[in-house]
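Let me begin by presenting the structure, written as structure tokens, before commenting on it.
Chain naming follows the written order as A, B, C, D, E, F and G, and within any one chain the residues start at number 1.
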């Protein structure tokens, strides 16, 4: 298991369905980078300069929309995840 | 539904009417990027370094004018929205 | 009406009179960007990191001199305004 | 009259005397940008993040030496002034 | 022994196994930079602006995943280590 | 007299002796920029964000070593000085 | 003697031994920049924004490993030293 540190979260990025036109799969270059995913782990929060901690504002299981190109893609046990700062999460999809 | 985080707001951007000259629609390149929209959701506010929270200074339903090129365009259930930081809202149109 | 947010102000920029030489209007490129205008609206002030608010140091009706190229030009009900941060106001013309 | 805001000061820049060699005035490009001037107005000071104000450390009438290229040149009632942040004043000439 | 200062940690970077295709070792350029390693030493933590210290959130012996290209590679007694800021550790592998 | 403001100091830069080889003076381009000088005036210190003042850590008369290329060269009554921030003083030569 | 200011330290950089191959000295370009040295003097520490001072975390006599390219090389009484911020010291070699 991966346990994120600080205000980081781990996200299982939603795979956009292949768009096809008449059965022809569009080249990957034509696909937009996905910006949605499911939270699979959250860190303990951010430590402020006054020493207190602000909890991460999302929960495991929530689907979120995040800033394009934010975070780092990592591979763990054969699966790909995105680790990003909670600050790069724009909205929760409810 | 999209629930924005922190001091973000979600905006339904006003579509500028096509400008036409004698019935000829001007090319999109000739249109200025719209800077006005209606707030459809607001986050809980910004957490300051002292741990307190400052509420977002706009309300759902208000029409606002925002900085050009601010925010991220997202698509949700077939509609386009702009998610931006409340700091990029310049004024409320009353 | 436009209500500016935070420490922003809305300014009606002074139009520089056309400079003419012997009746020939100088090309616009030859005109300096005006740096003076009248305050038509002020925001509620800036929220400091300790949570308190600092009022905008200018009042509606005052004529001010501002940093060149500061702010955003917006159009509202057919008139052009400049929305800028009170930090970009250099001096009040009294 | 111009009343500077915040920690700004208004300076009447000292005109360097034309340097001449055998009566030939040197081209302006050959003159160094002057860095000295007389304070003609001072702002109320800088507001710190804790809400208190720090007074501008110079007084009207003092001659100061300032950072090269600092500030904004403005014209007011036919005279040129330099408006700059008190932080760009390096020293008082006594 | 190396004793890291502040919020730094010392990491023994995991060596990725050579990938081979039919016995042919792939060129090093084809290998991804490893992002995983074992903590071998931790500093005393970060001193905040209020003077208190925040402990490093990882322990010696833990395996961590860190930001690509973070830290400094050093050689000590013939072995290579990575010294990096605890802020560049994204997650603990449990 | 020049009275420096804030945490600035005024330095009389040590003139490096001309290096000569067999009596031939080396071109100025070959001389290293001097980094040592004598403090001739110090400011009142730096105002922190909490409103208190931190005194400049050097005294008039001390010889100091400063960061290369730091500060502004000024001319006053025919003599050249360097005005620099006390932060750019690396060490006192005792 | 050189007395470093603030959170600076003075380091006597370890000279890497010339690497030779069969007696042929490798060109200096082939040598890695050394990152290790002995502390010969430490400053009084860093003044935080709240006015308190944080002592430098290393002592005279300790051997330290520092960030590549950090600090300023100075010459004093014919010997070369490196003056650097304590923040650029990565680890103490024990």
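The rule we apply is simple: a contact is a pair of C-beta atoms (placed from the backbone, for glycine too) under 8 Å apart; a residue touches a chain by one contact, two chains touch by 3 or more.
Bear in mind that the values here come from a model prediction, so they are computed numbers and not experimental data.
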Joint neighbours of chain G and chain D, given as chain labels: F
Separation of mean Cα positions, chain G and chain F [Å, integer]: 23
Inter-chain centre distance, chain B versus chain G - centres from mean C-alpha coordinates, in Å: 51
Inter-centroid spacing, chain F versus chain C (mean Cα positions, whole Å): 41
Where chain C touches two or more other chains at once, by residue number: 49-50
Direction chain C, origin chain B - full chain order round the ring: B, C, D, F, G, E, A
In the complex with chain B, residue positions of chain C that touch it: 1-6, 8, 10, 41, 44, 47, 49-51, 72, 74, 76, 83
Chain F-touching residues of chain D, taken from the complex the two chains share: 35, 48-50, 52, 54, 57-58, 65, 67-68, 86-87, 89-94
